[in-house]
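Could you have a look at this structure, given as structure tokens, before my questions?
Should a chain be cited, it is by its letter among A, B, C, D, E and F, assigned in written order, with residues numbered from 1 in that chain.
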Amino acid sequence: MNGYACKENFTADDFFFAGLSKPGLTNNTFGSLVTGANVQKIPGLNTLGVSFSRIDYAPGGLNPPHTHPRATEIAFVLDGELEVGFITTTGTLYSKTVKKGEIFVFPKGLVHFQKNNGKVPAAVIVAFNSQLPGTQSIGATLFAAVPPVPDYVLSQAFQIGTKDVQKIKSRFAPK
Amino acid sequence: MNGYACKENFTADDFFFAGLSKPGLTNNTFGSLVTGANVQKIPGLNTLGVSFSRIDYAPGGLNPPHTHPRATEIAFVLDGELEVGFITTTGTLYSKTVKKGEIFVFPKGLVHFQKNNGKVPAAVIVAFNSQLPGTQSIGATLFAAVPPVPDYVLSQAFQIGTKDVQKIKSRFAPK
Amino acid sequence: MNGYACKENFTADDFFFAGLSKPGLTNNTFGSLVTGANVQKIPGLNTLGVSFSRIDYAPGGLNPPHTHPRATEIAFVLDGELEVGFITTTGTLYSKTVKKGEIFVFPKGLVHFQKNNGKVPAAVIVAFNSQLPGTQSIGATLFAAVPPVPDYVLSQAFQIGTKDVQKIKSRFAPK
Amino acid sequence: MNGYACKENFTADDFFFAGLSKPGLTNNTFGSLVTGANVQKIPGLNTLGVSFSRIDYAPGGLNPPHTHPRATEIAFVLDGELEVGFITTTGTLYSKTVKKGEIFVFPKGLVHFQKNNGKVPAAVIVAFNSQLPGTQSIGATLFAAVPPVPDYVLSQAFQIGTKDVQKIKSRFAPK
Amino acid sequence: MNGYACKENFTADDFFFAGLSKPGLTNNTFGSLVTGANVQKIPGLNTLGVSFSRIDYAPGGLNPPHTHPRATEIAFVLDGELEVGFITTTGTLYSKTVKKGEIFVFPKGLVHFQKNNGKVPAAVIVAFNSQLPGTQSIGATLFAAVPPVPDYVLSQAFQIGTKDVQKIKSRFAPK
Amino acid sequence: MNGYACKENFTADDFFFAGLSKPGLTNNTFGSLVTGANVQKIPGLNTLGVSFSRIDYAPGGLNPPHTHPRATEIAFVLDGELEVGFITTTGTLYSKTVKKGEIFVFPKGLVHFQKNNGKVPAAVIVAFNSQLPGTQSIGATLFAAVPPVPDYVLSQAFQIGTKDVQKIKSRFAPK
């Protein structure tokens, strides 16, 4: 039981989604927006093990370092140009600049990011081998959790003072 | 052992592919072309359980009824408009017209097709939850196998005469 | 949640089925009948990943080309002699005549068939590595779906005229 | 890598096996014989997750209590009549007498047995959801292991004296 | 649906268990006690595929030969010294004496045991790759099932007389 | 093929490991040390899906926030007392103080940490449902990758200046 119903009477609309057809709004802290097309939006995906997201990036926008606990990700660039990268469990960064129509793979569970270094918006469509891959954005996970991760844990983890920790926490605080 | 090597020294290029950036040539029998971006093209996908294909359709083009033995497929329309559909194991057709930016799901192993009824080319990017989903195009599988499926099997299967079978076989013969 | 209940109080009868002990009736269009012994008939199979079917064939009978979206099939000939075959994703037909007591394997998701070319009835017991493998019979899937697959899709798919399509559809129509 | 090769050039014979067509010899200690039709005999089964065995039983013959570490088993009676049973992890015996053409399920990993209480030979064809299910026959596993399980372990395990243990071991000794 | 609920409102206590902190009572037939820390005790383990047990052994105590139908086991010795072993499907015993802080692996589904030959109590913490591995203790499974496994099955299985069978059954009878 | 050999001739030592019996040295930056007991140390674990690690903590020691891309973790406290926690994909911290003999679960792929707030050393034994779970320590992954993650990515990701980024990088630099 995964929390999503097995409907009795499906229609073609249960396998359809129009919500990725328009660019997402990127006027936020990171200049990027992820829009999911997973089992929460497409009931017909239940048990089928695949989903999409669309990510839009303003010029300078960043999809900050994050992981997907339950899936590999493969990205296809719809528009623009992006610097993409992931870091392995042995600490090696694999990164590359990818352009419209090009593909890049982010292996299961590894920390990765995409950065729009260009002067025009960029967008990608990404696929996951999970109907609901989940996401942990590293910055928010550590500096904006509720209840908060203790300052002394973060101070020691990043080898910085608690004032520095509190400064970062303030940047992630809801406005 | 799945036949694909675990390389010792990966580079970022092993997770990269540029081969879907250009439309495929559609001047063929069906007016459509599938270009894969799977583990055969992207060594870094080995064991990661996901892949892409790009499909291009001329006006009137058809990606004829087929199955993927090892994967669900999810499609994102890059350009144009398509009539898409799949048939369930209980014989129900689920079909819909999908436009640029829209998504449709083809559940694992089921027969499905896409048809460009429009007057301009269309294109989709599709994702699979397999590094190598495999494809069986129904027409070619039955009428162009080597060695051939016997005429009497196809005659009985489609409730037509062997002359009709031979006519279809001739259409699928290499030219 | 797969739609089959986890019963609280099982008895031995939940792991038992007598419905394959008699030959199925084969006085139908194809001269063959498939009788399933899966989780729909045997509640104790729930989550256990295996099931049986019995297939009976009149002389000349055909189990027409079909796929199982969720399982490999392995067949044991109970009686008679059959021409069996499957086609791979690269278009190769593997076929063989198998007799009483012999075994043949149909790999996961591939199109396959069995034909009784003999003068006496034949029967097989087949096993699947799924509690409910599902079946798509190619002819009925394409030519008898509800709602119907459009004539122009089938005409293009099989490279025949729409009259030919309509003729095949009429053969698959309920009588 | 599971120890079985991915052949380059398969033929239909790689998916075929004739070794279950004749009854196995049952003139042994238990009056029963298991003949496997798994990946060790059928190379084409590699990675496909299913296999068969045939079991023959002399009158009075027993397939003694055993487990399959990697599979559920489903049995179809070819001939005769058998008392079959399995014991759950909560110590409940589910047993039944099954006749020609009837089916019984032995859930994954549980101890089970089949006994021919009739006056004529019996035979079953059984399927597993593994290409190589493995078998542990309880008696031989504990009383004929090499090197031997210590007498004091078996004495304590079955609450009998070491003389009793040695007596049982002698019955399982190679002759 | 596996019978365990997906709670809506988890707390940290759903991922916590204190029940393995004290030694289990070992004043029983076998001089050993298994205490589980699985999904039945820790609701947060649901779907997560791992669990612990603690096993305590009096001097001379035995965790008698048993199998786990759904998991591999790996043991870490907390205290004392144990003779441990498992038997393969080809009848080979792998055994070893392990001491405090040492580790031993019992592969999935195979019969295994642990015996405290020392003069002081021993204890282990064992992990399983299942949230609920299940256990079949061979002696009790065969000689104390309800309803009972017939005497003639056990007599033939262990090559002993029915009197011997009844003697063993009496030792396993509830007191 | 996972890179670990299927040995032909196993011995009991292939299922044994003594390397967790002694506390690890904790005189390092974080005051903690992880010692693995996985397939790299125990060849017999290959394909078996489970492994252990031992973690030692000096007073004040921290196992800094990290993820395991391929496994759930379950911890048993051997000595001392620890503050443990994980953060969900919706940004909730679940944390608790756990003592000797107590258990805590860290769900698959989520960021988690353990901190010794006590005045004496602490130690845990943790199990994973993977033979090689992999680890990404967040701080080192982002601030000590080779080649380095660009300053401007980290600056934007943590909403700090590049000087702050460089300060953190210097703390993670090899000495």
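Just so it is clear, contacts are C-beta pairs under 8 Å (C-beta built on N, C-alpha and C of every residue); 3 or more make two chains touch, one makes a residue touch a chain.
These numbers come from a predicted model, not from an experiment.
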{"item": "Identified repeat of the C-D interface (over half of residue pairs identical), from A-F, A-B or D-E", "value": "A-B"}
{"item": "Longest centre-to-centre distance from chain A, chain (CA-based)", "value": "D"}
{"item": "Interface numbering overlap (same over half, different under half) for chain A and chain F", "value": "same"}
{"item": "Chain A onto chain D, rotation angle from CA fit, given as a multiple of 5 degrees", "value": "180"}
{"item": "Centre-to-centre distance between chain D and chain B (centres being mean Cα positions), rounded to whole Å", "value": "43"}
{"item": "Between chain E and chain F, centroid-to-centroid distance (C-alpha), Å", "value": "29"}
{"item": "Mean-CA-position distance for chain C and chain B (Å)", "value": "23"}
{"item": "Contacts with two or more other chains, residues of chain E listed in rising order", "value": "1-2, 85, 95, 107-108"}
{"item": "Contact set on chain C toward chain D in their complex", "value": "10-13, 15-18, 20-22, 37, 42, 44-45, 48-52, 71-74, 76, 78, 85-86, 94-96, 98-108, 125, 127-129"}
{"item": "Chain F partner contacts - residues on chain A that touch it in the complex", "value": "29-30, 62, 64-65, 67-70, 83, 85, 87, 89, 91-93, 95, 107-111, 113, 115, 134-136, 138-150, 152-153, 156-160, 164, 167-168, 171-172"}
